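Would you mind keeping the following structure in view while I ask a few things?
Order of writing sets the chain letters: A, B, C, D, E and F. Residues in each chain are counted from 1.
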Amino acid sequence: MTALEKPVTRTAYQQSVADYWNAEKDPVNLRLGDVDGLYHHHYGLGDYDPAVLETPADRRDEAIIAEMHRLETAQADVLLDHLGPIKPEDRLLDAGCGRGGTSVMAHLRFGCQVDGISISEQQVGFANAHVRQRGIDGSVRYHLKNMLDTGFGSGTFQGIWNNESTMYVDLNELFAEHARQLKPGGRYVTITGCYNDVTGGRSRAVSQIDQHYICNIHARGDYFKAMAANGFVPINVVDLTAATIPYWELREKSSVATGVEKPFLTAYREGSFHYLLIAADRV
Amino acid sequence: MTALEKPVTRTAYQQSVADYWNAEKDPVNLRLGDVDGLYHHHYGLGDYDPAVLETPADRRDEAIIAEMHRLETAQADVLLDHLGPIKPEDRLLDAGCGRGGTSVMAHLRFGCQVDGISISEQQVGFANAHVRQRGIDGSVRYHLKNMLDTGFGSGTFQGIWNNESTMYVDLNELFAEHARQLKPGGRYVTITGCYNDVTGGRSRAVSQIDQHYICNIHARGDYFKAMAANGFVPINVVDLTAATIPYWELREKSSVATGVEKPFLTAYREGSFHYLLIAADRV
Amino acid sequence: MTALEKPVTRTAYQQSVADYWNAEKDPVNLRLGDVDGLYHHHYGLGDYDPAVLETPADRRDEAIIAEMHRLETAQADVLLDHLGPIKPEDRLLDAGCGRGGTSVMAHLRFGCQVDGISISEQQVGFANAHVRQRGIDGSVRYHLKNMLDTGFGSGTFQGIWNNESTMYVDLNELFAEHARQLKPGGRYVTITGCYNDVTGGRSRAVSQIDQHYICNIHARGDYFKAMAANGFVPINVVDLTAATIPYWELREKSSVATGVEKPFLTAYREGSFHYLLIAADRV
Amino acid sequence: MTALEKPVTRTAYQQSVADYWNAEKDPVNLRLGDVDGLYHHHYGLGDYDPAVLETPADRRDEAIIAEMHRLETAQADVLLDHLGPIKPEDRLLDAGCGRGGTSVMAHLRFGCQVDGISISEQQVGFANAHVRQRGIDGSVRYHLKNMLDTGFGSGTFQGIWNNESTMYVDLNELFAEHARQLKPGGRYVTITGCYNDVTGGRSRAVSQIDQHYICNIHARGDYFKAMAANGFVPINVVDLTAATIPYWELREKSSVATGVEKPFLTAYREGSFHYLLIAADRV
Amino acid sequence: MTALEKPVTRTAYQQSVADYWNAEKDPVNLRLGDVDGLYHHHYGLGDYDPAVLETPADRRDEAIIAEMHRLETAQADVLLDHLGPIKPEDRLLDAGCGRGGTSVMAHLRFGCQVDGISISEQQVGFANAHVRQRGIDGSVRYHLKNMLDTGFGSGTFQGIWNNESTMYVDLNELFAEHARQLKPGGRYVTITGCYNDVTGGRSRAVSQIDQHYICNIHARGDYFKAMAANGFVPINVVDLTAATIPYWELREKSSVATGVEKPFLTAYREGSFHYLLIAADRV
Amino acid sequence: MTALEKPVTRTAYQQSVADYWNAEKDPVNLRLGDVDGLYHHHYGLGDYDPAVLETPADRRDEAIIAEMHRLETAQADVLLDHLGPIKPEDRLLDAGCGRGGTSVMAHLRFGCQVDGISISEQQVGFANAHVRQRGIDGSVRYHLKNMLDTGFGSGTFQGIWNNESTMYVDLNELFAEHARQLKPGGRYVTITGCYNDVTGGRSRAVSQIDQHYICNIHARGDYFKAMAANGFVPINVVDLTAATIPYWELREKSSVATGVEKPFLTAYREGSFHYLLIAADRV
C-alpha cells in the first residue's frame, strides 16, 4: 500500500464523523454560504439587527439568513485578527476546514497560501471546486487529511487555526501535531465550545450537543493542560459566550434551525458551556 | 456553619445529579426492587430464561421483571465475588449506593458492617428505612455524603466498591479519596460502563446515555491511568459486555423500558462501549 | 516557639526582599500615593494626556505625578474588572499588597472584606495606619504574612489577586497555596510582567529589572504550566504590553524616574517582555 | 559498521542474559519439547493427572514429562485465546520466543505469519531449524533481535505477546517499542510472574528466582504504570497463580527439576508473587 | 486501638525484614562492635593495613576484626563529614539505625540530640541499653519506628541520614517522609549500594545480595529520580566503590565472613554495583 | 534553503548571545590565552601563588595573568579528569567551546577526535585557525552549530561536556540533545555556576551576572531534574565553590578585571551561588 492509499480515518469513531459530514447537506450551512460564496461551518458573533425579524414575510427568511451569515463571517474575522502579523510568503493551515470559508477569508486578507484539511471527501471536493471558480486555487488548497497526522513537513506553517473543530479529536494528539508543523514562534488560534469544569462535569445540554454532532466536547481546562504539555503558551484568551448568544437566538427563530439551538442556549445560559477563543504561541 | 452543615454537593453539576435521583421513581428500579427488597441501581448479567417471554399475558410482565431482577442480583454477586476474603470485623464502603441493594447483599454474605453513601437524600432515606425494616440497621448504614470527600477516617475500609457510579465523578479525585480511606492492601472493585478508546472518541450512542442520566462516561483507559496515579494495582479485569447484552434485550421487551435500552445495545454491539469489572489492590 | 513567632520569611532570598521593601521610600510610590491616599506598587495602563508635559514648569512635576497616578489607578481597576461578581459577604485576598492601594479600591467597589498580605512589616504598618484613618479598618486588614503559607483557612476567599507580586515567588508553590485558600469556583487574577519564552531566554533588559528589584521574572509559559498543575483554568488573558508603554514613557520624563524605566521600555519594545493579565477559575 | 553488524545486545546485562541462554541445555526445556516438537520456555497451567505419579517406574519419568509438556502447551493456548480475532493476513510478534513453541502454535491456529525474536543466537538457530523441518519456515521466522529495538516497521503487527520474557527488560522501553510496532487497535498479551507490591518489596524467594535466571522480576503495579504511560489499555487481567501451582508441584517431583521449584512454590504460596495474564489494546 | 498500638510494620515484606534483624546475631556485627562499643551495620572504607594478615595466628583473628572495625568507623565518619555544620541545638535522625553506632558517633561529634529508628525491636533495645551504659541516653534515643511514617513532627530535623538502609524501602515514600520531617534547607546524606543502570538490569551477583538480606537494591538512577521528585537537590556525590573493595577483600579472609563477600566483590569488580554517597539539600 | 543554510540561531535571544561573543575581545580571555595558546572561556580553580602579587611592577601584570591562566587550565583538567576512560578511537564533543582551549587539552590528553561547537562564528574561526597552526586540525574541529540541535548522528560521542556554557540554554532541550548524540553508557560532564535554590530565588548578585553575560543562570536543582528526565544518572558531583574563590580574588586585583568580579564574589560568599561539577552517565 502506498502512502497515498493510507486511510485518512484511523478509527471507527473518525469514520463515523467522516460519514456524518460526507452526508450532511444542512441548509444552515449551504443556504448561508450561498449568500456570497463563503461556506462556514461555525457559529456567529455579535448582535443581530432586530429589523430582520420585522422584514415582510416573503423576504424575511432571506433577510434572517443573510444576517446570520454576516455574524458567522464576523466570527471568522475575529479569529483571523488573532493570528498576528502574516506576510504574503507565509503559509497557513485551516485544520478542520469544512467547506472552506475561513481559508478563503484568510487568503483574501493576508495574500498568502492557505491549506485547508478535512476528513470529509465531500467537503474537500466542494471547497476545491469553489476556489477554482474564484480563481484562487493556486493559493488555497483543500486536502483530504487527518488533522492528527497531516503529512505536512515540520515547521511548515506560520499560523494554524481550528475553527470549531477541536471537539472531534484528542487535544494532546492535536497539539503535538500542531507543534510539529508550526514554525518556532508561530501562532495558533482556536475558537471552540468547551464545557465549564468549574460547574462540574458535562451537563445534559452539553451531552445533547455531543450526540447531535457525534462530537466530544472538552473541558475548558483540558485545552490549557494540553497546550502546556505541548509547547503552546497563551497570549490572548477571550470568553465569547455573551457575544454568541444573539446568533443562537436569531437562529432559533430562523427557517434553518436544526433543533440543536435549544441545548446550545441552555448550556450557555446556565453557565455549563463557554464559547472561547484562545490564541497561543509555539515556543 | 458547622461541619454537619457543609453542603454535600459542591458544584452545579453535582446538584443536577442529586436532583435527578431525588426525583427519580423509575419503575425499572422500584418494581424490580419490590420483588425481594433488594433495590438495585445497576444492570444485569447472564442469560435470561427465554421461557419468561412465553409466560401467559397476565403474568408475563411480572415474570420478566422477576427475571431482570434475578440478573441484577447476579451482577451484584459477581462484584462481591471480587472483594477477596472479608471478615465480620471488616468494614466496607458502597460508594454511590442508590437505594442500597448491594450493601445489603454484602452484609448478608460477609456479616460485616457496610456503609453506603449517596448524594441523593431521597435514596439515603429510602435505604435506611429499608434496613430498619430488615432489622440490620445496626450493621448497614446509609449516609448523605459526597464520594469525593466522605469524611470517613483514613484507612477505615477493607473493601470499597462503585457499582455503576463512577460516571458521575472525576476519576482522579475519586481514586485519591478511595486510596485515603482504604486500608493498605485493601481491595477496590468497580463494575462500570466505559467507552472504548480503541474505537476512538465517544460515539453518538454513548452521548445519548450521558444525556439520559446527566452522566459523564469515561474512557476505559482513564480508569487505568487514574488507578496507576493513585496507588491502585489491578488483579482482575473482566470484560462483561457479552454477558450483559441479554439483560438489555430482555429489558427492551419489558414494560419498564425507559428508552435508554437502544443506545446501550447499539453501543455494546458496535464495540464503542464496554461493561467492565476491575478489581484492584491498594498498595 | 509558638505559631505566632513562626518567622514570615523562610529563606535568605525572602529576607532580602523584605529588607528591600522595609527600607524602600521611593517617591514614585509615595508621592503618587499622596495624591488621593491610594498607595500603589504597580505600573499604569492607558494613554497619558500629553498636555501634562506642556504644563508650566512650576506645576509640571505635580501634573505629571497626578497623571501617572491616574494610570496606576486605572490599572488596578482593570484588574478588579476581572474578579467576576463579588458580593458584600465575600472575602478577598490581595497577595503582595504593598502599601495597600488595590485592597482599598476593592473594598470601595464591592463592599466586602479584604485581606492584604506582605512580607514587609513597614508596608503592613503603613497600610493599616491608612485604613484606620479612612475608618475602614474593620473591613480592610493588612497582615505580615508569607504568600506561600498564609495560615488562612482552606476555602476562605471568593477572589484572590497578585498585582505585580508573583515575580518574588515560585509559581507552583504560589498556586498551590492559592488553590487551597480559594473557594471551589473562586476567581484568581494577576497582572504581571513576564518574559517572552518565544523570543528565548531572559534578555539583558529583563535581568536588569530582576537585579533592580531583586526579583525573579518568570517566563510567560511558566504561568500556564503552574496553573494547569494546580487546578486553575484561564477564562481571560489580555496582553497589556501596548497599553502600559505610555505610562513608562511618561515616567521616564518625570522627576520620580528611578532608572529602571529604560530596561522596561527596551524589554517591551524588543518583544522580550510582556505585561499580561490572566484571570482564571479554580476548579 | 553496517546496520547488520549493529550488536543485538547493548549492555553488559543483556550480554549476560544472551550468554545464559546460548549455553542453556536444560532437560526441562529440551526433553519436554522433544515430546511433540513444541519447545517451550515457560511454565504450565491447570491440574495435572495424578495418575502419572503412579506410573510404573520405567515409564514414570516419561509420563511426568509428557504431562508437564501438556500443561505448558495449555498455558500457551490460554495466551493465544486472548489475542482477539486474528486473520490469516495479519502478522504476529513473539517477543522473547525462546526455542519457538508459542510461535508455531500461533501459526497453526491462525494461519498467519509469525515473527519470533530472541537475543540468543542458539535459540534462534534451533527454532529456525525446527520450522524448516516442519515446512512452515515461509510463515514462521525467528530473528536475532533485541526486543527493545527490533527494527520492524511501525504499525506492522496485529498482535504481540511476551510469554514470560518481560522480566529481562525495562517495561517502559518495552511498551514504547511495542506501541510503535503494533497497529492502532492491535492487541498485546503477556503472561508473566510479577511480585506483589501489596505485600511489599521483593521477598527472598523472588530474589532467588532473579538470581537463578539473572532476571529482574517487576512489581505487578509496574506493568500497569508502564502500560498507562505507553498507550496500552487492559481489557482482561487474570490471576493465574492458583492455576500454575500444580505444575510446579509436579515439576518438583520430576527428574528435570532444576532447584528453582522451591522458591517458586514458596513465593506463590506466601502471596509475594503472582502469575498474571494481561491482555491490553493499543489505543 | 491507640496510636501507640499502631503496628510498626505495615506489610508482610516489612515484617520479614524485622524478623530477620530481630533474629540476627552475626559475629561480623557483634564482635566488631565489641571492640569499642560502636555497633555498626554497614561496611568499611579505605585501605586496610596488610600487616594484620601477618599477625601471629593466635591474635590474627582479633587483629583483622579490629582493622575491619576501624574501616567501618571510618565509613561513618565520611558520612558525618557531609552533614554540613550542625549545632548542639540541632536534632538529627539516623533512619535505619541498626544497633546504633552512627548515632553515637554523631552525638559525640556534634553534641546534639540524635534519634535513631529501626523496625527491629531487638536492635532498638540493644542500642538503648548501650547509650544508657554510656550515660548519653538523654541525648541519643532509639525508637521502634517505620522510616516511611515516623510520627516525628514536620520540620524537626536539621540533618537525616540513611547509612545502608535505603534498600529496604520504596525511595519515593522514603524521600517524601524525609522531606516532611527535615527543616527547609536541611541536609540529607546516604551511603548505599546501588546497582548500575548503565550496565543494565540487576546482575546475578546483585540478586544474590538481595536474597541474602531480603533487601531490594535500587538502581543508581532511582535515587536521583526520587530526590528530584521530592525536593532534594544533590550537593555532593561520591563514588566510593574503589574505596570499599579493600574492606571486602579483608572480610573475605576473616573468620566472620558470611558468604555474601563473593557477590559483593563480583558485583563491584564487574561494574554492576556501586557504593555511593549522596549528600543533598532539602529545598 | 538547503540544510547548510539553516540558521544556527533560532531565537532573538540566541542571536543576542551570538552577537555578544562575535564582538567580544575581552583581554581576560585573549591575553590569558596568549600565554600558551590555550584560549579558555571559563574560570579557574585552586589557590593562587601569593608571590605573584609581590612581583615587581613592570612584570606584575604579566605574572598575575600567567597565574590566572594556570588556574583556568587547572579547571579544564579537573573537568577532563571526570570523563572516565577515553580511548584514541573515541570521539568527544565540547558543547559551547568558546575559542577552543578545552578541546585542545582533551585531544592532547586522550589522542582522540574532538568536535567543538559554538554559535559565534568569530569563535569558531579563531579556534580553527589555532588548531591549523598547531597541526592538529585533522583531529580537532570547530563547528558553527547550535548545541540544542547539532546535526551530529545519534550515538556519536563517548563523552560530552559543557564547560560553563549551560546557562545559555534550556536544560531539558540540552540534555535531550546530549542523550541523543551520546553512546549508551557515555559520560557527560559539566562545570557550571548555578544559583542555590536552598537560599531561595536568584539574588541580586546572580541577576547582575545574568545581565552582564546576557545569560540565564539555572537553579542547582534544575540540573538534576532535567538529568533525571533525560536519562542521565550522576556518578560524581563536586561543590567547587571554595576552590574557585581565590581565582576571583586574584582577578579582582588584576588589570583585566571586567567588573563582574564583585557580583561573583558576593554571590559565592553569601551562599546564593555555587560552582558545581556534575559527572553523569547516560543510561
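Heads up, the rule we're going with is that contacts are C-beta pairs under 8 Å (C-beta built on N, C-alpha and C of every residue); 3 or more make two chains touch, one makes a residue touch a chain.
Chain by chain, the UniProt names read as follows: A, B, C, D, E, F = Methyltransferase.
Computed from a predicted structure; not experimentally measured.
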item: Farthest chain (mean CA position) relative to chain A (Methyltransferase); value: E
item: Rotation angle superposing chain C (Methyltransferase) onto its copy chain E (Methyltransferase) by C-alpha atoms, nearest 5 degrees; value: 120
item: Same-residue or different-residue interface between chain A (Methyltransferase) and chain C (Methyltransferase), half as cut-off; value: same
item: Centroid comparison with chain D (Methyltransferase) (C-alpha atoms), farthest chain; value: C
item: Whole-Å gap between the CA centroids of chain B (Methyltransferase) and chain E (Methyltransferase); value: 50
item: Centre distance in Å when chain A (Methyltransferase) and chain B (Methyltransferase) are each reduced to the mean of their C-alpha atoms; value: 39
item: Between chain E (Methyltransferase) and chain F (Methyltransferase), centroid-to-centroid distance (C-alpha), Å; value: 37
item: Approximate Å spacing (C-alpha centroids) for the pair chain B (Methyltransferase), chain F (Methyltransferase); value: 63
item: Residues of chain E (Methyltransferase) engaged with two or more neighbouring chains; value: 10-11, 184-185, 198-199
item: Chains touching one another, given as label pairs in label order; value: A-B, A-C, A-D, A-F, B-C, B-D, B-E, C-E, C-F, D-E, D-F, E-F
item: Residues of chain D (Methyltransferase) touching chain A (Methyltransferase) in the complex; value: 184-185
item: Chain F (Methyltransferase) - residues contacting chain C (Methyltransferase), complex; value: 10-14, 16, 168-170, 198-204, 207-208, 210-211, 214-216, 270-272
item: Parts of chain E (Methyltransferase) lying in touch with chain F (Methyltransferase), wherever the complex brings them together; value: 184-185, 197-199, 219-221, 224-225, 227-229, 233-239, 274, 281-283
item: Parts of chain B (Methyltransferase) lying in touch with chain C (Methyltransferase), wherever the complex brings them together; value: 10-11
